[in-house]
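Each in structure tokens, the structures are laid out below.
Next come two complexes built around chain A: one with chain B, the other with chain C.
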Partner chain A sequence: MIWTIARREISEALFTGRALLLFVIALALLGTGLYVMDRDYDARRANYDVIRPDPTQPIAVAPPSPLSVFARGLDDAMGRSFEVSVIGIDIGGSQASANPLFGLFPTPDWLYLFRVVFALVAFLFGFDLICGDKERGTLKLMVSSGASRGAIAVGKWLGGWLAFLTPIALATALWLVLARPVFGIALRGDDWARILAFLALAAVYLSVCYAIAVAISALFHRSGTALVAALFTWVVVVFVIPSFGVLAARQIAHVRPLALVTAERSRIFGSEMMRAYEERRAGRTGPVFQEHWAEMHRRGEQVSDRVAGELGALARTSASLVRLSPAGAFDGLATRMLGTSVVDEARLKRDVRRYTGAILPLVFESRNAGAEVEYPAFTESRATLGRVLADGRADLAAIVVIGALATLVLFVALNRYDIR
Partner chain B sequence: MLEAIDLTKRYEDGLLALDHLNLTVEPGEIFCLLGANGAGKTTTINLFFDFIVPTDGSARIDGIEVAREPLAAKRNAAYVSENVMLYGNFTARQNLDFFAQLSGRRELGREDYYMVLRRVGLQEKAFEQRVKTFSKGMRQKLGIAIAIVKDAPNVLLDEPTAGLDPKAAAEFMALLGELRGEGKTIFMSTHDIFRAKEHADRVGIMKEGRLVMVRTRRELAEEDLERLYLDYMEVEAAA
Partner chain C sequence: MNKQAAVSWRLVAWKECRELLVSGRFLVVAVIVFGLVATTVTVLTRSYARDLADYGSAVADRQESLRQHGHLNRLGAWYLPDRPNPMTAVVRGLHQNANLESLDNDPLAVAYPLPDLAVVVGVLFSLLALLFAHDAMSGEREDGTLRLLVAHDISRVSIVVGKAVGRALALLVPLAAGMLTGALVIAGSPNLEWSASEWGAATVLAAAAAIYVTAFVCLGVMISAWTRTARTSLVVSLAAWAVFILIVPALSPYIAGELRPTDSLTQLQRRVRVMGDTERDELGNRLSREYLAPIRERHPEIEGFLALDEQARRTALTTDPRLAAVLDTLRAASDSAWRTANRIQSEAIDALWADFEIEREAQIRATRRLSSVSPYPAWVFAALDLTGTGLRAEQRRELQAEAFAQTTFMPWRRALTDSLIAIDPTVDWWNTHIDLSSVPTFSYRPESLAGRVVAAAPQIGLLLLFAFAFLAVGVAGFNGYDVR
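Our next item is the complex of A and B:
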């Protein structure tokens, strides 16, 4: 009985051309997104090639990630150069994106398409699943035919879900196959695993959006009202909760202003240099300045640790609030999977600090000797996919729990639904 | 067999739509329920199909209480509404197939459906036509075809001839007569006094949720049903 109802929903989507239309739209959007983001990646890669240091420069810079084509996240910030000197780390400006309009408008990567655009499609596919049938009068006939309300809920959900997800899945699969021959996007084995995990997560996220929409359809009796409720919910889920979550986190988790941090570093630099000069004037010999630079570095590290701790707390609070929305949780976990998340940016900064600590003696040596020194190449660490999934289980759990709640609402609402 | 035992329905807004209805409709009988709009006719049918739950009393289909075992009870009843609404993008045969499968009739094939569609008088060329092009009369025929395919012993119809032209209504009633001949229990709400008198074995008049009169075909042969109906309406209005 469930499959009979599901099949009817699929047939309806095929008859009305909705499925074909969605396939064409998904194909166009995903292809355009891939094209634009690939061009952007090429430009960032070219910038990286220009600023890539030779072995005599104490500079740490990470190449743009090919996975940023699918979810750019914080890849721009992660592509900045970090020049190590005796007085600290000089952070270069963000690599200019090929498209400055990205600053004004959202990046049209696949993450955006799934999180915003296809989520909207999910709401549009599901908002009238139950109330539409009531309006047409067919729900009465289905219930009188002997179908249980539970079977109707599951059957309609399943059929509508397949009709909605299949065209998107086909378009996505097509572009994955064409990514290399058309755009030259070369992915390694691990990258493929991450992309597939990302797409699986996207399917779960879209299913949850669809479940919310279907639950809405069982809470209203008119499809017009249900449409308004669905659109409002989409706005809240996709935009309002994530934005408010980040803003609220800033009120909860205190992070001192950057100007104060810079002033503190300058004060440390000034006081250590002053002490070094005084000691030298007092007749002390030996590597006085080197000792005070080392002390300055140590104290600077303490400031960095404190700031990193504050930023970490802010990031954790933000993530906790943002995952109240499936869109926020999806964004958090998807960018982790593709290596462009807040966590990855923080890891890169830790790598840079570790690199700084490792090469600082060489920097002193170079400065004292007045000669060029060869520095070891900077390498960034990357969390394995297994680690990402383990660390991101809270995001995944949030998505699943919200989906389960929506399904529960659907069943309760349909059982109490006035079919007259 | 259909039974209403002290069947009562009061809506959330306080409206008493059905007031202790006691009624039995036997197999092989057509029972027509007359009454003004809002008298409680549709509420009675809604209660038999678990579209709404009774405030008091019980509705039983072949001895099964609907509120307790709705699925088991509904297996024994078919429903035809005033405006049979179907899936417009499906053909007549596809609609029939869909609802037959929901009713548990999975063994039927295309020819079985065609046979039923012929029986209800649908033109052959309409069998594979999308239902969104159908007239009301054609949809009502398809509605009764769905009820026939379900092969339930009880058929409940909610003003099925409303809006049909006289010829279509006559054909529809003739079909109900055939179903009665097969031993089905037919319960029909209607405004059509003349067809009720002509085809029903018993006629009931409902007023403000109460069954105020029941007459057999034999009794009605000696009485003017229209006069009776109007008298009951006037008496109630005067009261």
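Our next item is the complex of A and C:
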């Protein structure tokens, strides 16, 4: 019985052309996203080649990640050039585009498409699954033909889910196959594992969105009302909770304003340089400036430790609150899988500071001697996929729990549903 | 349209509006629209208040630092951010607190940027408008009521216009309520004082938002007039929304980049840095040697003086006044050499930037033209121009900052340096602590309301054009519509 109901759902989607239309939409969106993000990646890669340091430059810069084609995340921030000098770390060129209009509109990467657009599709496919059948009178027929309400729930859920997810999965698979021949996107073995993990997570996330929509369809009797309720839920899940989660986290975890941190760094710089000049004028000999540069670095590190601690606490609090929405949890875990998350940005900054500490004596030596010195190359660390999955357990659990709750609501609501 | 028809479309509009206003769908949409507008303005107002407080702290901190640790050589280190724009309480525009030029930037500001009215209205309300209007014809056809409506003596044009106007009015009610609540929040905020100019800009912005939402209602009605079932209308509406909101704005900059390519900004920055640093120093040192050589030849006694330390130089100057004159000549020659080096390199750098700016302007213009096939970019550009948070304001700011540097800051620094040298020419004032708290501070003067409205007018006109075009296509579709 379950399979009969599911088959009816699938054939209806195929018959009305909804599935085909969704396939076309998914194909267009995913293809456009891949094209746009690949061009963006190429431009950033070209810019990286310009700012990539030679061995005589004390500069830490990470190449753009090919995975940023799928989730841009913080790749712009991570592609900055961190230039080490005797007085600290300066931010040099970046890999971003010169056209400021790029930043005005949503980045159409696959993460955005799955998180926002296909989640909306999930809501629009599921919102009238029960109440629509009730309006058409078919729900009454199904119940009178002997199908249990549980079988109806499972059958309709399964059929609608396959009809919704199959076109998106096909379009995704097609573009994954074409990514290399059409766009020249070359991925390593580990990258493929991460992409597949990301897509598996996206499938779970979309299933949860669909489950919420189906639960909504069992809570209302008119599809018009269910549509706006589904839309309202989509707005809350995708936009409101993630945005306001971060805002609430800012009220809980205090982070000193950047202007004050910058002012503090300027004060350290000004006071140490002033002392150095005064001591030199007073007749002190020896490595006066080097001592004050070292002191500047030590005090600067204290500031960096404090800032990193505050930002880390804010990021953790935000992640906990944003996780209340499946979209927030999906975004957090997906960007970690693809290496462009807040956590990865913080790790890169730690790597830059560690690199700075390691090469600082060479920077002093070069400055004192007025000669070029060869520096070791900067290397960034990266969390393994296993580590990411282990750290992202809470996000995954949040998505699954919300999905289970939605399914529970569906069963309870359908059991009490007035099918007349 | 004759008088009878004019009355008819009003009747249809009134019926649509009244029916929607008492429906459950309106209630939910009203909650979303009202809630989002009011919450967004409240959040952004608080954010502005925090930015303003941070700015105040930064000003005080900077003044204290300049007093205690001021050095002419390192004046640039005490950078002062701009005073926050009060209009960021509604639209943040290009100002998204990314702060990528600092090591201490907050990545969450990039990962989760605050939603503003440009995004909320542009992305979400366009979708709401489509969902509000997608079943205007197809839904009534399925219910069987469309046949009844056509059976009355009402022209099909009146039905399409009436349905579009009625649905738009119903959607504008919660939008207006949300905007009014937002206005009350702003008026009641103790930290945010809007002038008449800002209120004027906000009023035009609200009008532009209403036109934008109406354009999407017209699009929904248009789709409905070309499709047979509400479900198909819904999917086509979603596809249209994705094209207008995601595909066109995302593709436009890339296509513009192909049509009007620019040099790599990163490459240019790197080149300019070398020209303004290493190459300038090389040129300055070479010119100095050339300019100073004849003076040193004429006054060989100065070599011994230059080898002395600061204290010994001071003593030598008091005992031999001729040395002071030679020193002045040397200093003047050195200044002249470095001024020449700076001028030559600055002119070369300016020429590079000017060429780049011409290319960049052309690319931005092309982006705007290409993206104008969708109402969304038109709305965003109008919102940014009206609130002074876009590219136009950024360019204006750069011009003002440059003028400030040339006419106020540089003369102030030159006068201060001259006065200090007059006090004691032997001191290295460049690297000596001085109270610099009196440094003139740049303050941006925003564009007048009239200028901003004129700048936004073409975009608002484009939105009106979209609304009429969608309506016209809807009328064309409904004229051949089988209402059975």
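Annotations
The rule is short, and it goes like this: the second predicted complex is superposed on the first by the 396 of 420 C-alpha atoms of A that agree within 3 Å, B and C clash if a C-alpha of one lies under 4 Å from a C-alpha of the other, contacts with A are read in each partner's own complex, and residues count from 1 in each chain.
Heads up, the rule we're going with is that contacts are C-beta pairs under 8 Å (C-beta built on N, C-alpha and C of every residue); 3 or more make two chains touch, one makes a residue touch a chain.
Since we're looking at a predicted model, the values are computed, not measured.
Because the two structures share chain A, they can be overlaid on it, and in that overlay chain B and chain C fit beside each other without clashing.
Put simply, more of the residues of chain A are touched by C, taking chain B and chain C as the two choices. Contacts of A:Gly270 after superposition: chain C is touched, whereas chain B is not reached. In the superposed model, A:Gly286 makes contact with neither chain B nor chain C.
Of the two partner chains placed by superposition, A:Gly386 touches none, neither chain B nor chain C. The vertex angle at chain A, taken between the C-alpha centres of chain B and chain C once both structures are aligned on chain A, is 110 degrees to the nearest 10. In the superposition on chain A, contact of A:Val342 is made with chain C only, not with chain B. Once chain A of one complex is fitted onto chain A of the other, the partner contacts of A:Asp76 are limited to chain C, with no touch recorded for chain B. Of the two partner chains, neither chain B nor chain C is touched by A:Gly184.
With both structures placed on the common chain, the touch criterion links A:Gly370 to neither chain B nor chain C.
In the superposed pair of complexes, A:Ile5 makes contact with chain B only, with no contact to chain C.
Superposition on chain A places chain B within reach of chain C only down to 12 Å, the least C-alpha distance between them. Under the contact criterion defined above, the residues of chain A that touch both chain B in one complex and chain C in the other are 16.
Contacts from chain A toward chain C in the complex involve residues 16-18, 21-22, 24-25, 28-29, 32-33, 35-36, 39-40, 43, 46-47, 50-51, 73-74, 76-77, 80, 82, 89, 91-108, 113, 117, 120-121, 124, 222, 224-225, 227-229, 231-232, 235, 239-240, 242-244, 246-247, 249, 255, 257-267, 269-271, 273-274, 277-278, 281, 283, 303-304, 307, 311, 314-315, 318, 322, 335, 341-342, 345-346, 349, 352. Residues of chain C that touch chain A in their complex: 23-25, 28-29, 31-32, 36, 39, 43, 50, 54-55, 57-58, 61-62, 65, 68-71, 74, 77-79, 81, 93-94, 96, 98-108, 110-112, 114-115, 123-124, 127-128, 131, 135, 229, 231-232, 234-236, 238-239, 242, 245-247, 249-254, 256-257, 262, 264-267, 269-270, 273, 309-310, 356, 360, 363-364, 367-368, 371, 376-377, 380, 384, 391, 394, 428, 431-433. Interface of chain A with chain B (complex): residues 1, 4-5, 8, 11-12, 15-16, 136-138, 140-148, 418-420. On chain B, the positions that touch chain A within their shared complex are 42, 46, 49-52, 71, 74-75, 77-79, 81, 83-87, 89-90, 94, 98-99, 101-104, 146, 150.
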